[in-house]
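Look at the two complexes coming up: chain A is in both, with chain B in one and chain C in the other.
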Partner chain A sequence: MAAAVPGASRARAAAALLLLLGCCGAALASGPQDQAEQFFRSGHTNNWAVLVCTSRFWFNYRHVANTLSVYRSVKRLGIPDSHIVLMLADDMACNPRNPKPATVFSHKNMELNVYGDDVEVDYRSYEVTVENFLRVLTGRIPPSTPRSKRLLSDDRSNILIYMTGHGGNGFLKFQDSEEITNVELADAFEQMWQKRRYNELLFIIDTCQGASMYERFYSPNIMALASSQVGEDSLSHQPDLGIGVHLMDRYTFYVLEFLEEIHPASQTNMNDLFQVCPKSLCVSTPGHRTDLFQRDPQKVLITDFFGSVRKVEITTETLSLHRDVAGFESKFPEEELATEPLKYAEQLPVAQIIHQKPKQKDWHPPGGFILGLWALIIMVFFKTYGIKHMKHVF
Partner chain B sequence: GGGMAALLLLLLLVAAGPGRADAERERRDALREELLLSPLPTGDVAATFQFRTRWDADLQRGSVSHYRLFPKALGRLVAALGVRELHLALTQGFWRTRYWGQPPLQAPAGAELWVWFQPTVTDVDKAWKELSNILSGIFCASLNFIDSTNTVIPTASFKPLGLANGTDHHLLRYAVLPREVVCTENLTPWKKLLPCGSKAGLAVLLKAERLFHSSYHSQAVHIRPICRDASCLAVSWELRQTLTVVFDFFASGQGKKDWSLFKMFSRTLTDTCPLASQSKVYVDISPKNKEKELLEVSPAPTSVHETIVQGDKKTYAVYDLLSPSLFNTSRSLNVQLKWKRPQDSSEMPIPTLHAQRYVGGYGLQTGEICTLIYNTHPYRAFPVILLETVPWYLRLYVHTLTIITKGKENKPSYIHYQPAQDRRRPHLLEMLIQLPANSVTKITIQFERALLKWTEYPPDPNHGFYVGSSVLSALVPSVTAMKNMDVEQSPLFTSLFPSSDGSSYFVRLYTEPLLVNLPTPDFSMPYNVICLTCTVVAVCYGSFYNLLTRTFHVEEPSRGGLAKRLANVIRKFRGVPPL
Partner chain C sequence: QVQLVVPMAVVFGPGSVPGDLPRPLPFRDVQEMEISVNLRTSVTSRYEMRYRSTTGQEEAALAAATAREADAALHPLQDTTLGSLTMYVVPETSSLLPQGINVYVGKHRSALVRAVGSLAALQARLREVTQLMSFTASAIAAALSDRVPDGRLSPDARRDLKSSLGYEITFSLLNPDPKSHTVDWDIEGAVNRYVKPVLDKLSLVANFSVDSQILYYAVLGVTPRYDKESSSFLLSAHSLPHVINPVEARLGSSAASLYPVLNFLLYVPERSHSPLYIQDKDGAPVSTNAFHSPRWGGIMVYNVEAPASPQASLPLHVDVDMARVMEVFLAQLRLLFGLSREEVPPDFLLEGPGNEGLADWELDHLLWAHTVENIATVSTTLTSLAQLLDKIGNIVIKDDVASEVYRAVASVQSAVTKLSLGHLHAAFQASKEAVTSSERAFFDPSLLHLLYFPDDQKFAIYIPLFLPMAVPILLSLAKIVRETRLRKKEPTKMD
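Presenting the complex of A and B:
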């Protein structure tokens, strides 16, 4: 018995040691495996952003400032203009009521100009309508639309959709003349899912009763944030006495302050974004919805949606460029010269204009009424005088 | 392989600093940039930037694939859609000809696009629609709103500014969007088309915060074919990007008439664009009334240039940024203009031709458009073409058109009127009117306002509806005869319009746009009507239905609850009848 115990304990110790070694070995072996998993963690290859401001008129300055501050953050974190669809329903920067033209401020005392010097607005003024917004999302766009106005996402795109304006329980008002309902929005997202137009979608809305807009979503891989619950109003932050209007909404103001801390290599995750703007600062209760989202929000980086972080592989191969430029210039095709000299047109050829022949109107066959009238006249004539007179006519 | 070779070629060419002239002939494209500063009689100052890229290649024929200075977006557009000439202008503000003088190149408020197509284009309307869509994407402007309701085909105005074989006006399209706003998002892509962007050369002065804090801001793109040399047997393509801005005496000048580059743009010039073959700043120091100069410029200019511009002799101080002596003393160039003696307000010269337009009448049913054209030349008469485009919802009555000069009726030598079709085509009125010397011509036409359908109103209908500026094209007699000069040697601002006859110069003026109110319905009425109708129906029909279908039967009174029974007991004691 005394011999068995030390034997058993020795065996146990050996087993424990083997297990430890095995674990170490496994850990070492799964190093590259882990790294590979980390590399493809998020599953997206490109980022898009659709930023919509739906309000018109000068007193809705804050909605344009909201949208532009998100635009500014998204551009700063790397998403290029070609991947951003910016829709502003009114022009505040060059509005005649703006005391400082070509600027839109987000902080009072004109601290931060979110309009900047390098802004490209894709849909402006009257083009921001519910129809255009849904066409951008679903991709059902007329063929002559230029590229900068299209959302050319694929099934590996992460899309950020930000909307702001005036809203109510279940709808969002566009430009004081039409609305989009939460059902329409949910159906649009389902169309996007069925056409595989997104990998993951983050929907942020800053309006009154914003949570009602994400109640009806039913497509997978959507995470939604709103600035207020149903029955609550989203409030604006601070007015600027020089400009005369409220500059930002509270929720977006604190989101902007949060995003200013983010840089492309941040590891901040979505849970931190959910904590932005507690009730003490925002007065309304921000809400979020993650049940349709497959990953854990703790593991979703902010830069997965707000930035455009590219995975780069550094290679050690060398490429050699051939210095063959001799035959390049001769690529211009030989041009035939004109036989007689070309000339410029006269800007005001008075004589030619006065004697311009009037445009010959295209001959149209006579319409129904005239034809009927003539037919009646001819029939009456021949009925009165008999058919034998026809040879005199022709 | 080809891409790599192109990249290497580009690097090689850019690195070849000296020997620029020879290399240019090989490269076949050249950039000239120029800034013209002209102080205006009212104390304001106008700055006109011109960037001209000239490319000795035929964009129409042959497959051109190597773009260097000429922007690829515009080159592909010209080739693919068969465009012969393209003029796009985005303007904020209005040029006050009466106080500021003739503009070098004016544009109407909003967006203006006019295009001549090649004769080979079969469906001009389709090409026009595609062109406006593509340009709306390039310049971030709502040019996609250009359709048949605001496009017209002028027959006498807008003759081609470049080489032209024939002028069949069916290849011309003209549209103006007076409601278009111009802001930084239109300036950004315009700056990106410049070869050096806004990083070097004259374009460093183009900062949005200063440019839009002005009375007039107009940026334009002009593409046209020009003669390659004096013999004019081959065609070159020219792209001119112009930007005119007028800084206000009170707002930007803070009430002082002294101007400098730093005061206007909050920046100075530090270096030149390495891709530019010529980079000059011209300052207008012309003396008025043949006196000594009134204006003093500092630092000293590299040369002084005298030329005849718009029929009058003008003197310019020239700063050649490529001359090495300019940046000898200081790293940056800040041109300063000072007035030597205070100006008399009575010395303000009146331009030979100016016009104004306004809406007359009262109420929301009828109105009248009045145009006044002034010819202030003491003894010469000249003709002017007036082009008016009026939207279909202002129904013009052509029988009320009157043209009165000096109290008598003035019959135009040529009238072209195309009536509007509701929701399809606007009114087009073109007239060639002879303006007698020293006269005012008043043109009036009455209109009636239409009631639009409920869904056709914009989201802010109480702002009003715009009528685009009318265009006046005239050959104004010159004070001094002009000689034909070589385009390459003369400054850019003199070679905008091809001049054939030295005795008069061509000018195109625009009048004010008009803002008219249409009768606007109350948009809450559909909601009100539905509520009222439903209430009436519910009350009337509901009442009738109840009366007809309700049957009455007697109901046994219930014994009542516990409280009632107790109450009845107490009442019995009191001697009061029970409940």
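Presenting the complex of A and C:
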């Protein structure tokens, strides 16, 4: 009984406190409206995302799941497929080792299938190369490339670049056969800046020693996040015993948990993203770099990069038109181009193609350098050991 | 470095000549002004004014009843080259201009200005008019926006469409409720009647291509609120930014061309959400029921009247009033291009452009801004290309890339020269050529620096290969040298 009375008074005190907080909350409610106006001052008019998974093979399942989960979040928050360049090896869903074909799961117990039927992969399989990645970034693309494979950003675009895979100190491995160095990446960003292909850029990398990749950036308006510092490894999150591989990396897993709470109108800022995945959860130490970024990260909304919130103005005026205007006669009548009827091209019959003998490659004499090298070696040999050895050689 | 020259004629009507002219009419005068963008870049504007008195025909035209008729009558008598301006000064007591209005800006390249007592005051008023009709310092600064140090330019300044060689305009009709509404819109007719004249006038600036589509079951991403007082549904202003994204995914923004796309959407709300009005920030419904997003396009909500009898059979047939729709869309097009943005002083009267969509001087306005922007872009591109080549010495420049660079440099020089002579049209064409050539040179696929070996990779590959092979060679060379030296010494020893 003695405990009940202090309990009751404590409850009353708690109720009073809540009431006070409620009043404060109501007073602050008008504050976010003004803050929203201020946040709209980021100055960008469109958003792009370049999501790259640089690994292939079944045991790198988690990298594909990472990238696809970020792809889903970015689409959910509003960036359309036409503004996302997705580069994946895309060999997980239909891999013979996948016990659940046509799916890529990101949570154990197969909770969330991130593959689905509206995933639009722009560069798949062997097209994910360092060259294509740099071409996408710098825009030096052959004219025959379709629009979906281009990064058509302008000086008012905010671009999110997410890369995941295996990396080391200063480089990132692409599909087990080539690598991109941090110097090349920094140069690519500088070329983007020179041509004003971005307004602000957010670079997120989830690999081992990821912080080394953003060390060399020197162009303005870039913010970078990495899952681990130099000398540390980024660890994967959880294996799924049914599928048999690790499903996601820790850093991306916690970033995605964070992004699940973001909706297109939320006001969460970048400082919260920096706090995601502390060392206790991630084992590696995530790092970030904001010295090149002009605005204060406190004022940068998550949706500035992950979502696509447009600046909108109410149209207050109209153009007054005369209603009875006759149909406009085109000044230049379109000429009918005489086209030939299309014919089916004659093709070599298949049997002939299969049984063709392989063409003999022409033999070329060895080129100058090799010739010179061998001449040098032979000359030195005979000068040293005397010309009498020649009969043993020839 | 860049000089923008505007040739102007100031024509004094009878009774409007100020008393303190320095010289008798006709005479010439030049006014220069410097617009500095940053520490190293500045643009000088030079107004070359020719003062003269009216000819007989002009006097007859100025005797018209209203300003509009006078403007129409004066049009054939003026110099109509792009970029030039003509100001007609009418007496202070003239009834041509309505009360309280001191300046009337016509549809073409002329304005009627009420005389002021002294020449200096008149020149101040003329300066206001010419800045409105050709270019203002803020317009030039916005065109050169990437050179302005950050912080000096407001974020709103970079919201006009960037200068491009072409634009693609897409009209889309969104019908989320085809069971209730069968919507017919005569888009082809509307484009021919209303849009083509505007685009023809703008064809000097860029190539335009127009297409249209109808999307069914395309909903807005936001649920509108029901308002009991007006028994209508309302979309508040701060939910508007979220409307565009879910729709954009379905718009299929042109897989075909690489030009910037302008989307104009007409949304017919569902029967259950009719009528739908857009609220502005103060809570009042917007008269046009439309909003636009810079560099993207515009959306208009078209409300269908409720049928007379509640038992009307569904689906209702809706014939869209294309004229009303096009009035809004064309106004949005003007705003997207940045045409209606300048602040107009209260004693100015601007003649509406009518079916042509934009006045001649507004076209000039666009051309000035785009020419300056093109020239700045070309110089930035070529400079960064040169810096790239300095940094990575291994890149091989193909012949066609080199010829594009030469062509770009020649074109940009000719553009600057023509600007300083006052030939706006020729300068704009030259600047367009310069931009095309420089973009082609900069974005040539062969300039990817990855394809050329950096020096440290060369060392990393060749040293492990050739060093072990070189060891016996070097040792043998050393032995040879030692032997020849010994043999040279021997004859002396023999003696």
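Couple of notes before you dig in:
Keep in mind that, in the parts below, the second predicted complex is superposed on the first by the 272 of 394 C-alpha atoms of A that agree within 3 Å, B and C clash if a C-alpha of one lies under 4 Å from a C-alpha of the other, contacts with A are read in each partner's own complex, and residues count from 1 in each chain.
We take it that contacts are C-beta pairs under 8 Å (C-beta built on N, C-alpha and C of every residue); 3 or more make two chains touch, one makes a residue touch a chain.
Nothing here was measured: the structure is a model prediction, and the numbers come from that model.
With both structures placed on the common chain, the touch criterion links A:Ile377 to chain C but leaves chain B unconnected.
In the superposition on chain A, A:Lys311 makes contact with chain C only, not with chain B.
Using the contact criterion defined above for the overlaid structures, shared-chain residue A:Phe57 touches chain B, although it does not reach chain C.
In the superposed pair of complexes, A:His237 makes contact with neither chain B nor chain C.
Once the two complexes are overlaid on the shared chain, A:His246 sits clear of chain B and of chain C alike.
In the superposition on chain A, A:Ser82 makes contact with chain C only, not with chain B. By the touch criterion defined above, A:Lys173 lies against neither chain B nor chain C after alignment on the C-alpha atoms of chain A.
Of the two partner chains, neither chain B nor chain C is touched by A:His288.
Touch criterion met: A:Cys94 reaches chain B, while chain C stays clear of it.
Chain A uses residues 146-148, 321-323, 325, 328, 331 to touch chain B in one structure and chain C in the other.
Chain contact summary for the complex, chain B toward chain A: residues 1, 4-6, 8-9, 12, 26, 28, 57-58, 61-66, 92, 129-130, 133-134, 136-138, 140-142, 144-145, 155-156, 159-165, 167, 179, 181-185, 188-189, 207-209, 211-213, 227, 231-235, 383, 385, 413-414, 432, 458-460, 473-475, 497-498, 500, 506, 523. Contact residues on chain C toward chain A in their complex (touch as defined above): 145-146, 150, 155, 158-159, 162, 189, 192-194, 196-197, 200, 221, 237-238, 240-242, 244-246, 248-249, 252-258, 260, 278, 280, 286-288, 290-296, 298, 300, 323, 326-328, 330-332, 334-335, 340, 352-355, 357, 380-381, 384, 387-388, 391, 442-451, 473, 476-477, 479-480. Taken in their complex, chain A has these residues touching chain C: 33, 36, 41-43, 45-46, 78-82, 130-131, 134-135, 138-142, 146-148, 150, 152, 154-156, 184, 187, 191, 194-196, 264-265, 294, 307-323, 325-328, 330-331, 376-377, 380-381, 383-384.
Listing the residues of chain A that touch chain B in their complex gives 56-57, 91, 93-94, 100-103, 115-122, 124-127, 144-149, 175-177, 321-325, 328-329, 331-333, 335, 337-338, 341-350, 353-354, 356, 359.
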